[in-house]
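The chains carry the letters A, B, C and D, assigned in the order they are written, with residues numbered from 1 in each.
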Amino acid sequence: MSESNGNGAGAGFKSLRLVPRTDTEYKMKDFKSDQEVRWCPGCGDYAILAAFQGFLPELGVPRENIVIVSGIGCSSRFPYYLSTYGMHSIHGRAPAIATGLAASRPDLSVWVITGDGDGLSIGGNHLIHALRRNVNINVLLFNNRIYGLTKGQYSPTSEAGKVTKSSPMGSLDTPFNPVSLALGAEAGFVARTVDSDRKHVTSVLRAAADHEGASFVEIYQNCPIFNDDAFEPLKDPGERDMRLLRMEHGEPLRVGGDRGVVQGDYGELQVADVAEVGEDALLRHDAHRADPGYAFALSRMDYPAFEHVPIGVFRDVDRPTYDGRMAEQLAQARTERGGQDELAALLSSGDTWTVD
Amino acid sequence: MSESNGNGAGAGFKSLRLVPRTDTEYKMKDFKSDQEVRWCPGCGDYAILAAFQGFLPELGVPRENIVIVSGIGCSSRFPYYLSTYGMHSIHGRAPAIATGLAASRPDLSVWVITGDGDGLSIGGNHLIHALRRNVNINVLLFNNRIYGLTKGQYSPTSEAGKVTKSSPMGSLDTPFNPVSLALGAEAGFVARTVDSDRKHVTSVLRAAADHEGASFVEIYQNCPIFNDDAFEPLKDPGERDMRLLRMEHGEPLRVGGDRGVVQGDYGELQVADVAEVGEDALLRHDAHRADPGYAFALSRMDYPAFEHVPIGVFRDVDRPTYDGRMAEQLAQARTERGGQDELAALLSSGDTWTVD
Amino acid sequence: MTKQVQQIDRVIIRFAGDSGDGMQLTGDRFTQETASFGNDLSTLPNFPAEIRAPAGTLPGVSSFQLHFADHDIMTPGDAPNVLVAMNPAALKANVDDLPRGATVIVNTDEFTKRSLAKVGYEADPLADDSLSEFKVSRVPLTSMTVKALEEFDISKKDSQRAKNMFALGLLSWMYNRPTEGTLGFLKSKFSGKPEILAANVAAFEAGWSFGETTEDFAVSYEVKPARLPSGTYRNITGNAAISYGLVAGSQLSGLPLFLGSYPITPASDILHELSRHKHMGVRTFQAEDEIAGVGAALGAAFGGSLGVTTTSGPGMVLKAESLGLAVMTELPLLVIDVQRAGPSTGMPTKTEQADLLMAMFGRNGESPVPVVAPQSPSDCFDVAIEATRIASKYRTPVIVLSDGYLANGSEPWRIPAVADLPDLSVDFASPSEDGGEFRPYDRDPETLARPWAVPGTPGLEHRIGGIEKSDGTGNISYSPANHDLMVRSRQAKIDGIARDIPELEVDDPTGDAEVLVLGWGGTYGSIGAGVRRVRRAGGKVAQAHLRHLNPFPQNLGAALRSYDRVLVPEINLGQLAMLLRSKYLVDVIGYTKVRGLPFKAEELAGVVQEVIDRV
Amino acid sequence: MTKQVQQIDRVIIRFAGDSGDGMQLTGDRFTQETASFGNDLSTLPNFPAEIRAPAGTLPGVSSFQLHFADHDIMTPGDAPNVLVAMNPAALKANVDDLPRGATVIVNTDEFTKRSLAKVGYEADPLADDSLSEFKVSRVPLTSMTVKALEEFDISKKDSQRAKNMFALGLLSWMYNRPTEGTLGFLKSKFSGKPEILAANVAAFEAGWSFGETTEDFAVSYEVKPARLPSGTYRNITGNAAISYGLVAGSQLSGLPLFLGSYPITPASDILHELSRHKHMGVRTFQAEDEIAGVGAALGAAFGGSLGVTTTSGPGMVLKAESLGLAVMTELPLLVIDVQRAGPSTGMPTKTEQADLLMAMFGRNGESPVPVVAPQSPSDCFDVAIEATRIASKYRTPVIVLSDGYLANGSEPWRIPAVADLPDLSVDFASPSEDGGEFRPYDRDPETLARPWAVPGTPGLEHRIGGIEKSDGTGNISYSPANHDLMVRSRQAKIDGIARDIPELEVDDPTGDAEVLVLGWGGTYGSIGAGVRRVRRAGGKVAQAHLRHLNPFPQNLGAALRSYDRVLVPEINLGQLAMLLRSKYLVDVIGYTKVRGLPFKAEELAGVVQEVIDRV
């Protein structure tokens, strides 16, 4: 991103290269719709919504050029609360719908809102394909590690053994790590943030918008009704600094004040006391490495659960976008074959004959 | 696997713990069905079929306890040619069908046959979920990097830019690396082999059968009709030894005679001259590492295309299987609640009253 | 003060409050008390699609309606005689449903300026005469509860929360309900939290005493037990009854139950219920989506399990391709569609009957599938068993069409003796004595079912799949004649089930009615109640209800033709009507309302009368 | 030697050989020659499901049938007058279709013991009298080709491969076909390989001279050009015509075309064709599955594109949920189902008409969708344009039911002048002048269509989705009355299209026929040819063909009722018949054959005559 001025035209996010700019100085309230917000009291979705509405003015694009596409789930009600264009589609299919929209309309800023069920259970396939294709969309996955809307069954990110309505003796499933999965699916931009840290959420949104192509953002989101305090260790002021690994490109990877990340024998990342290993042994975060192996290694650091949880941008690597390449092919074909009466020429292509 | 004697009872593959043994000394021909094999001349599927039929006697289980489930594609015709039980199901759904079968019948050896389209395109979601759940099935993915049965469209493993019937100006998609994807999906067993190397195929099948839980095997398969010689660099006697990285657990990773694999700054794996770096710098292959990061790094070695292609077992790590845990829960529930007239007790559970 | 006790024969009560107010639980408890007292009853819960929409708003209102009587009743009632409104939103959302003279019990504590404004009340309806048609009891429920719990060492929030127990106590007093059940329930619910338990019990008792002592409530009511056939009863919802029916089907057939399912409203509770019966060998697999759910069930069926999948409309359509595979492989499979209002996502918590034609025709190619539908919550049990019977005997997927109303509604159920349930035991194929080749598509000459050969059986190794099969051998076949034969054989197999199901019973008490009302599925109660009204008013009308939608009972055509007019009420745009017209060329009259709600008995009575008058 | 030239009015030729023998190409080339000569024609390719089943086996046989005439014809013909059999398998697979007296040209080189045994010929049919009913020409095609190419520096395999060109040359001589087209085609096909090009040309010419010189072929035939309406013609398959129609629809409406599709037989060629027209702004997206295909098309439609998805049965059912979303969001969308034999995977390369009821009803809830069907390969063009018109005008998904026969069959097509095509321009919603609030579900009073407001338009920001919408505002609504209204409005919108489509035209030349034959879709040709036979034999019969299956033309009921008997032939078990019976209560007679093949004209003529005789 070239020097963002925080608002209005000229913000120049990379994913918005083809989107018109506006001079309107939007405020957060300009992105609130007239619909009453309907989540449970205390739901983490409120915080994410506020952060998102607060961030949108920064994009510097006309409100009408922003589209939010969601699936089904509590999280997927998001579009109703934004004064942009929106589609609250069907369960799991938002990445596919957004693909068609983004590929045909490079002048739009397209955001996909999904949940751990919507995006990783029924919609897992569309998600991984959208990521590998690098369609210019931003996917925000609200991970509350539970099915909220259907009242509390375990999800593909619920911890093994979790007792829920549908798993009275504990779930049998090993959960996905959404970041690992996205990296395994060739995602060019992968990040993670936490609902309650508005500043961090905003910084990650900014980075996502600045990535041309598919951006994948996992947002840890609390569901106070069916999975309360799932992320408590990362929020508790006494604990969180021992656990959160805030990744900043170019900076050493540190956990708390006195520990940092070093590399093990087989490339795995480990936390060590800085005093012991020395400052220089710490890995400097490099989100731009072409090889996703390092980002993948980072994604494995939260085992066992929440021991160390990297947040921020794991990977931010450019490659041509699907929609960009599609537009190029169309342009190239037009150059090569333009200049005729196209429809008439098409209809009478091939062997023809005339009857008088 | 405890000392395989190559055939007959007592082979003792781990995935077959609950499958009955047989004393029958099967021969390869015992696994041929009476159906005429119908692939194009020269298709790599023939070689895989032969290797598979040749391997099955080793399992040491009765033929009737083996089930092959496939989806749709040229590769998915596999079950017809085997004298076991089989289901040629619908496109992409074999992992789901096999999950139900394996979870309800621990006494069966269940094999899923799929293609790069069947397993990674339409069936991608079922595949990654079966892998994370660790259902006790063996998935063989025949990767010819093309849709064969529908006559030659690009697939999710086709190289970007590939010109096919549906991509006359070149495909826009970045391909999946099936091994990376499987690892990102928490697979416990991941391997790769090449159709033409029967010995290697057999060794990988053996290792897959010996893994309790979901095994994922990518098999490079030549489609002479629509994607001929896609793997030529790995088969050409002059070239292949420069490219193939044969992974053997506990052995140093070597490519050809004089080069080997070392670790880079950020955990990525690189090929170096042994003379330069010294024998000791070479990584010793460890398929049993709990952390999948190293296996993932290995999976990235074939970029750019086929520079170095690891074959063999990337990862082979045990964790409880889905079906095993399900059986345990059933047993536990029975212990805890057994001994009553169950159906009658169920029907009259809760508040009841009597009318005389 | 001894109060007057008035005898009444039936009453309809609706509890309404915020999603967070525990109205479903209150209604449930009151229902259990009523059930154990021996009344006949019928319930209708009604909750918002949101988990917990913002407090005090109209979309956040959750309600539970209960109809109980000293005689047998068929519906949860058209209009409540008593409304308990926990806040202004609950009042506003429900007041239009009340008949003149109804009793309204309001929680005055919540009628603050802010709460009133939130739902658009400009003036306090308790202060002006807008409720003058009703008997209004003003009870400061919240503050009285808090007061009653002063002694307890619990948070203010917790004492406020107990106000539903206060309300339950009050209503229990009003209708002379037995209280042991509720006290026992509280004990087990709060077993780990003795303080909360004590507080809830105290709130319940305070509500009861309040009724007993306050002048406001001069009368209490008694509804005598209903004279139901003798037996042991329990109250049951449709979803629970279907779950039990499936377990019973499994036990009766000897096939282990395998459920592959993905959660969806209003079907999820079947998954929840079945996941609790692992001790009976029930396997539940929460799949990644509906396709995997049905796929796994089919895989299990191939392996010899009773494969089941449960869902609702949007999930049902996703299963179509796998259902086609089940049709082609001719394996038993139960597919339970708990219908909800559509199309698309529609209104997930509302009921509808609009999936019938999809169940019949929603697959590519000629793909016939038997369809059955329960007519009441408890009937779900029998229908699940019947579906098991058909599926396992005919080796076919069977679709069960339940609906949101049946799923969540409840009624008393006379628990059957296990010995009275049918024997559904299944013969798997076994190797032929003469060692002849196994022919997986040789049909039973009577049922046209093919053999079910389960992996693990030596000598029966075979391959099945979705490509057209050769008659007999089951090998792939592209032969034109064979395809025609197989298409017709599959159809004939399903059509032939008509010989194996009961004839349609027409209830025509006078024997000379000219109008027949024919329904299917969840509308049985409302149609029955409507017909009853007409008959009580002297009208002659016959009633019949279809359980088997495909194939139809053999006598259906004759039955239709023996009446001058056939009225078919449906909660869709006339789907059964369309099937009847096409098959029998009878000009049936459709009556349709697609409101996401059951029909009202009164409304149907009117429609029936109109048709009678027109004959 | 000058040979005799015999005038004939029509002929049916079938080329049959191994999948590897290039029969489709041979047939195609002969068709092009025939087309450019000016005959009317109709073709029927027939290929195995396997890519290249083992050489010389029955399942590996691929054939191509061509019917051409000096007058207008309607079908590829019932039975070939000439069979070219490249090997024993081709002979065996096709000989039963031959009428007595047919000509059989066999490639004797392939009649080896091994090849004969492979297909179960115990004796050589060329040696015994099993072909005595036919005129058999024994031609050593392979060896003569190899011999003719001795001079060329190409592999033996390559010379053998050119035997199809030899056969083409021979047949071209026999029927006096113009050869420039084929020579031009070879030139461009082998442009990079001059040696192969020369060899193929030489093989072709050798075949021609062989005909001219050998005694075996005493006669050549002439089929005069047909007297077709004046204009420029080309030969076209249904899949190509649909593709062109879509491109035309895009251009005529001004909506950029977006195709989201997943390959599937027999629909893939539409994806292939459209991917070649990027210069006209056509975007093709090969999706990960059918759901993503339709999803992307719907997303593009939301963005103002002409969203299209193409598929066949097993993929069609997967799109049902997304189609429901399109119904609810009321966005234009074209869904092309190229029907194939089902159920399930069925017989992918065979044709069928069994997806009609699925198209009508295969979605949860009341989810009405217009359905149209082309009647011949070239008609696919017009139907695609008509579907575009309906979808964009009424803001609705439209299902087009093509089939495998139409898709791959071909016929001459008079290329329309672009100026004669309809104007389909679309008005997107624009901000109201008075700055009033945008109401995305306000309906046009006439069409009942809602405004199509495209992202990027300031002031029209709005949210749509699958939950029930409030009339007008489009906000989420759970109101019972609103739901009933919206269910009926969506239905009324689709029903209303009946006012905007042509009435059904009944072809009843004598005006006093008592029997009407009514069909739909790909059976038009066979029905027409059957009817023609009956009429020629003096029978009186009316014929009509439905293009609009939902809604039906307004006069359909009246048309049905004005005949004593209505016969409805279908390649399914009576799906249109069921719709007609239900809607009009007319006792139509279904005639069904589900063999994966088009009807034969003769067969239908017999059936029609029978019905006439029975009246």
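Note that in this section a residue touches a chain if its C-beta (ideal position, glycine included) is under 8 Å from a C-beta of that chain, and two chains touch if they have at least 3 such contacts.
These numbers come from a predicted model, not from an experiment.
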Exercise. Determine, using the mean of C-alpha atoms as each chain's centre, which chain is farthest from chain A.
Key: D
Quiz item: Any idea whether B-D or B-C has more C-beta pairs in contact?
Solution: B-C
Self-check item: Mean-CA-position distance for chain D and chain B (Å)
Solution: 40
Quiz item: Where the CA atoms of chain A average out and where those of chain D average out, how many Å apart are those spots?
Solution: 44
Quiz item: Can you give the whole-Å distance between the Cα centres of chain A and chain B?
Solution: 30
Quiz item: If you look at chain B, which of its residues touch at least two other chains?
Solution: 72, 90, 121-122, 124-125, 129, 156, 169, 173, 326, 329, 332-333
Practice problem: Return the residues of chain C touching two or more other chains; collapse runs of consecutive numbers into ranges. | Solution: 59, 278, 288-289, 314, 321, 324-325, 344-345, 465-467
Exercise. Name the shape of the chain contact graph, picking from line, ring, star, complete and other.
Key: complete
Quiz prompt | chain B contact footprint on chain C (complex, rising order) | solution = 32, 35-38, 181, 225, 228-235, 244, 247-248, 251, 256, 258, 260, 277-281, 283, 285, 287-289, 291-292, 295-305, 307, 321-322, 324-325, 329, 415-418, 455-467, 475-476
Practice problem: Going by the contact rule at the top, pick out the chain D residues touching chain C in the complex. | Solution: 48-49, 59, 312-314, 316-318, 320-321, 324-325, 327-328, 339, 341-347, 349-350, 352, 354-355, 357-358, 360-367, 465-468, 478, 480-481, 483-484, 487-488, 490-491, 572-573, 578-579, 581-583, 585, 587, 593-597
Self-check item: Interfacial residue positions of chain D with respect to chain B in the complex
Solution: 50-55, 57, 59-60, 262-265, 268, 271-272, 275-276, 278, 284, 286, 288-290, 314, 344-345
Practice problem: Quick one: which bits of chain A touch chain D in the complex? Just the residue numbers, please. | Solution: 33, 35, 62-67, 69, 72, 79-80, 83-90, 93, 96-105, 107-108, 125-126, 129, 326, 329-330, 332-334, 336-338, 341-344, 346-348, 350-356
Self-check item: For the chain A and chain B complex, residues of the former touching the latter
Solution: 121-122, 124-125, 128-129, 132-134, 156, 169-170, 172-177, 180-186, 263, 266-269, 283, 286, 289, 291-294, 296-297, 300, 303, 319, 322, 325-326, 329, 332-333
